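Listed below are the structures to be examined.
You will see two complexes here that share subunit A, one where it goes with subunit B and one where it goes with subunit C.
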Partner chain A sequence: MTANTLNYRGKVLNFTPENPAEANIPADELHEHLQNPSTERTRRLKARCRWKHASAGEFVEKGVQAGIERMRLLTESHKSTVGQPEVIRRALMLKHLLDNATLVLQPDEFIVGYHAEDPNMFPLYPELSYMAVLDYLKTDYAPQPAAEAAAIVDYWKPYSLQSKCERYFDPIDLQRGYQVSTMEGPVFASGYNSVVPPYETVLEDGLLARIKLAESHIKHARSEMETFPWNATTGLPWIEKIDNWEAMIIASKAVIAWARRHARMCKIVAERFETNSKRRAELLEIADICHRMPAEPAKGLKDAVQSKWFTFLIAHALERYASGFAHKEDSLLWPYYKASVVAKSHQPMTHQQVVELMEMERLKISEHGAGKSRAYREIFPGSNDLFIVTIGGTNGDASDACNDMTDAILESAKRIRTTEPSLVFRYNKINRASTLRWVFECIRDGLGYPSIKNDELGVAQMLEYAKYSKTGNGATPEEARYWVNVLCMSPGLAGRRKTQKTRSEGGSAIFPAKLLEITLNNGYDWSYADMQMGPETGYAVDFKTFDQLWEAFRKQYQYTIALAIRCKDVSRTMEIKYLQMPFVSTLDDGCMELGMDANELSEQPNGWHNPITTIVAGNSLVAIKKLIYDEKKYTMVQLMTALKANWEGHEQMRQDFKNAPKWGNDDPAADDLISKYYEEILGGEMGRNINYSGGPVLPVGQAVGLYMEVGSRTGPTPDGRLGGEAADDGGISPYMGTDKKGPTAVLRSVSKVQKNQKANLLNQRLSVPIMRSKHGFDIWHAYMDTWCDLKIDHVQFNVVSTDELKAAQREPEKHHDLIVRVSGYSARFVDIPTYGQNTIIARHEQDFSANDLEFLNVDL
Partner chain B sequence: MTATETAVSTPDIPLPATQMHRADGTPRPCNVCKWQTPDPTDPARGQCTVNRHAGGGVWKRWIRDAINTTCSRHEEGKLSFRDHV
Partner chain C sequence: MTTCTQCEFFNIIPKEADDYEPSKGDCVTEKVDEKGAYWLSKPVSETADACASFHKR
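Coming up: the complex of A and B.
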């Protein structure tokens, strides 16, 4: 509980609400009073939004169902295009889908377009993982008719990415990977994916111009092939390029035709059915936009937002499934904001109308359904999917990138209060104060976003990875400043080329807590699977020194990380052969220039993999070293006996292990070993693996909801944790409730890990009274500047009281607007299982003491 | 590495009793038990959540074959998402 006053530098600081009206709101329902949609229209749209939150593998809302339309049309096309080049087949599949897909137009909406036959539905992807679709067939939300769906899965099984990849692995290795206890399931077994579509080319050029480019490349290629003398070494490569360009043309024409079907639909509804004159005029305006977008370059902000939405639907849901919403939204839309709001030359509008438009975009994303596999319906509890938008940071010339579009995006997020999309703010000390105030307003309202990334570290990382470019065409210094988070945490380039196109480049996870558990047991998993999960590296009871344990852990980690990266690269190889993305390829200047598919062309390496449950293992290593090898207070036999008994009958021993030094308290007794573990093993060993793109794979420590899932699959651990309890909730966060020396001690611990890391998620929970007081912004701002000076990569915040969280547990129906930050994403608290809710409540709510404020050197 | 399943957990240290056991054709299979939740990847397998402790922890066990496995705590039904992980 936070004190309401604090003596600091001779003053008494009073932490009462900055807004006096809040004094009359009960503390346990504050968040139900914070939404403030900018118009009645967005209030209505939010009230009727068809949310698709998943939790514990199931959909929370009734009526959500898998659609069959995409599966059916995909299958029809696949059967009718036998014999054609694979990339052409993929383009024809998209064309057949878009030519025949049901269009959806809903009341009140201005941004149009959906990716399934009904807004309560979402598409499935039998061409990716047959197991993922088979799982859907066993649920209450299976696609209908069920018999047809089953026949479609049966048809696709031999052609699926999963089947294409499985034959290159030992079945036991697959069995281990599929459990999601030592590693995240392989891309090919889940179909989970991420992409950074180059929206810039669509908005700046329009698809008609891209088609012309492809046509001119084909013309040039044909003339090159027809020259004398014939040279096979230079002539034959044109064949594949011609196929790719032709596929791009087919895909682009199909997308234009699909968008124009929307235009015709809106026109028909306006002219024949709509009785409200204002809405009729608006539908005609939408029709005009959809006729031109994305065929032509965007001229105003409405054009840009609609064109972006159509592109999103194709790249993330129709051509192939991909999570994410990666783009540098404020920079991308800024030219169109200037045209519409400042110059008023195209689609004139006010700043407040931009805020409304951004609220509408947030609600479109909130309604978007993802046909994710069960694993991914489990690991983002309380949310839909990972939709992450990046804003802030710096421009290519290192100037402040914050602008009025940035502010509109932030204001819309604060007003409408939705869990998605999440925002990432690239923090740079030159960012203007007015925008930072909006960032703070969102955070202190408890949205959990923006999460904050260190702008300069991201830039440096892009330049470092550019050194490994196989084409010698990695990011330039200017391009390196145009980075976004690909998903929750990892930076990658945005822009017209060199963006990440597939999760087989970077993504997926490894779980050190489980790896430590099996390390203690000769690679055997006694607590979950009851099978050998890794190499036989000896029993802990036989390790004479801590170094023997350390090296055994290293071997388990090496085995698992190599398997995980191999899974991704085998997937990549098959994606190149069978899962071409001609539409995404159209958008990339590199693919267009070189006639290459987006899966294949890699100009900027971006290899990463996520260690999750890291601190449970780190704290356990510290406790083992101290109590068994250094102080010899207990023997390893005693520890193993206690663990096998889930500490039952060994309570004093458990307390000793719990009380051993813990990460996050600026205590060298924990931090020295844990820093070494991060840099030498997690990063050092991972970095020895080179992926498809030729660069090292580096760790992006984070957690999403996997800290719960993997925690429940991990037995008791030597940090004093009971079997099945959740693991740590960040990539570098202290274990919940164990950071007891204040927020600045956490920062000092975290700053000690610098080498061999790509990113690390820091989850912090801040005091509600302090943040909502008039001193809140100044304290947060000073905290952020200190965080930046310490070269820490990331931080995200919860600002919500325990009283309110517990009230929501008691009466969930009264707390639908209570949003919390889980890890890398935000969730509706009442849509999270009780198990997960308790982990949020257990996080230490950080007060700021006078010593903390002195460390931050904040003048209040 | 070519994986094998020959190893066991640490010898000489007793493991806690687990309830589930293989029973081919059992009329009380895990896949219809309320404590079961499907495997994250392979629909032929499952996860048992019956082991819960007072603090709210849910200690899952992998079910290799959800149709031919059962235990003494079998109960048909389905838990709310709130009671799972």
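Coming up: the complex of A and C.
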């Protein structure tokens, strides 16, 4: 429990609440008092929000179900387009879907559009993973009619991405991948995906202009093909380009027609059924917007938000599934904010109306269901999917990118209190104080976001990756400043060109804790899969030196990471052939210029892979080295016996291993070895793999909910952990409860890892009384500046008391607004299974001692 | 046999629409569940047989 006073630099600091009224709120229900929607309308919208969160793989809300419409229309189109070029088939598939899909319009909403035939439903993707769709057929969420759904899945099995890729792998390797114990299942088996759509293009140009551009390219191509003399070497490449441009035109026209169907629906409801005159007028306004967006360039902020929403639905749910909501929202919308709020030249609005609009966008995202397999519902407990928006940072000229749009986004998040979308703030020491204050208030209100990324490290990374560009057209210094988080952690370019279009470029996970476990057992997973999971690298009982164990671990890691990345690149190859994205390609200036599909063109490499359960392995290596090889207090035979017994009957031994030096305490006894493990093995070995784009693949350490799922599949480990216990909750976070030397010791530990990393997630839990006191902002600000100076990549915060968490466990119905940061995303605490809740309660609540404040050099 | 063209919820698609086809219309209906009412719109042919939601114009 935090003391309410502290002696610091000759002063007695009081940590009473900055808002005196909070003194009257019981500490164990604070978060229920923080919501403050900006209007009655957004209060109503939140009250009737059709949440799509899942907990332990089950949807929390009643009545959520998979839809059949997308599957049905996709299949009809596929059957009718046999013989056409594949990219044209993909465009025609999108057209058939958009021409015939049921549209949804809900009362009170201003941003319109949904991706399934009913707001309680979500679409499925049989063309991606047949296993993921088969999973649904066995559940209460099965699309109906069930017989039709089963027939559709059967039809797609041979055409699916999964089937196309599997044949290029040894069945044993596939089996190992499908266990999800040493690595995340192959990307082609899950259908899970990410994309960074070029929203800038559609808002700036409008689709009609893109159609004209493609038409002019086709005209030029045909003319080139018809010249005399014919030269096949230069003439034949035009064929594929013509197909790609034609597909772009088909897709774009279909999207315009679909958007205008929304306009028509709003007009019909307004003129024939709506009795409220204000709502009638509003529906007619929406109809006008939907008629023009995204066909035309956006003029005002309402245009921009609707155009962006339509683009999101196509890129993330209709053309193909993709998790995420990646864009630099404040920069993207700033020109339209200026037009509407500052100049009031188009769709005049006040700043407060912008806040309301952003609240409405947050609620639309919260309703957006994703048809993920059970495994993926389980690894994001308490959420519907990952939706991460990036704000802040710096502009292309290195000036502060924070503006009033940034503040509106932050204020809307603080007021409406939803778990999605999460926000990432690119922290730079030149960011304006007024915006930092909003960032701080969101964090101290316990939203778990903004998650903070180091702006300059991200810029440097984009420039470094640019060196590997296959086309010699990687990020320029100006473009390198326009980066966003592609999903929870990894920077990638945003903008009109060069953005990441598929998860096979970067994403998916590897599990070092399980790799260490099998390293001790000659590559055999005895505690979960009961099979050989890697090469036979020997039994730990035979290793005479720690170096032998280290090298065996390296070999296990090499095998698994090469397999995992190969899975991604084989998937990429098949995505290029069969899963083209003509709509997304339309928006990318490179794809348009070169006549290439978005999966195929790679101008900016962005390869990464996520080590998850890293610190369990790191702490275990430290304990083994100390207690077995250095001090020889125990033998490896004794350790293996204890592990196979899950430490039962070996309690003292377990305590010794538990008490071995741990990461996160600025202790060289742990940090030296663990830093080496990060830099030499996790990053060094991963970086030797070159992906499709020609660049290295580097680690993005993180966890999402996989630290729970994979923890449950990982046997007892030499850090003193019991088998089945959750693993560490972030890429570089200390194991829950083991960071005991204060928050600045954690920073000092983490700052030691610098080489061969792309990103590393750091979870920290900060004291509620300190953060909510009048000193909270100054302490946090000093902490962040220190974090920045130490060149740390990331940090995200929980600010919630153990009292409140335990009260929520006892009476969940009274704590619906309690939000926590899981890892890379936020969730309603009561929607997380108890197993996961307990891991958050176990995270150490950091107090700031006088020594910490001295280290931060904070002036209070 | 009643057809969609006689239904209150049927709206013929105008000729200038991007998705115009002869005799194609929007079927715009209201649905209600525990969370409230919402509108759905899907394309139908005016000659299609009336469904269970049919309501004479």
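The rule is simple: the second predicted complex is superposed on the first by the 860 of 860 C-alpha atoms of A that agree within 3 Å, B and C clash if a C-alpha of one lies under 4 Å from a C-alpha of the other, contacts with A are read in each partner's own complex, and residues count from 1 in each chain.
The rule is short, and it goes like this: contacts are C-beta pairs under 8 Å (C-beta built on N, C-alpha and C of every residue); 3 or more make two chains touch, one makes a residue touch a chain.
Every value quoted in this text rests on a predicted model; they were computed, and no experiment measured them.
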| item | value |
| --- | --- |
| Subunit B versus subunit C as contact partner of A:Glu378, first or second or both or neither | first |
| First (subunit B), second (subunit C), both or neither touched by A:Thr394 | neither |
| Which of subunit B and subunit C A:Asp135 touches, first, second, both or neither | first |
| First (subunit B), second (subunit C), both or neither touched by A:Val269 | second |
| Partner with the higher number of touched subunit A residues, subunit C or subunit B | B |
| Partner chain(s) touched by A:Leu103 [first = subunit B, second = subunit C, both, neither] | second |
| Partner chain in contact with A:Asn665 - subunit B first, subunit C second, else both or neither | neither |
| Subunit B versus subunit C as contact partner of A:Asn610, first or second or both or neither | neither |
| Common ground on subunit A, meaning residues reached by subunit C in one complex and by subunit B in the other | none |
| In the complex, subunit B residues that touch subunit A | 1-11, 13-16, 18, 37-43, 47, 49, 51-53, 55-62, 81-85 |
| Residues of subunit A defined as touching subunit C within the complex | 48, 50, 62-63, 99-107, 117-120, 253, 256-257, 260-261, 264-265, 268-269, 272-273 |
| Sites on subunit A touched by subunit B in the complex | 55-58, 60, 131-132, 134-135, 138, 170, 172-173, 176, 178-181, 185, 189-190, 373-375, 378, 520-524, 526-532, 535-536, 539-541, 559, 637, 640-641, 644-646, 708-709, 711-713, 715, 722-726, 833-836, 838 |
| For the subunit C and subunit A complex, residues of the former touching the latter | 11, 13, 17-19, 26, 28, 30-31, 33-43 |
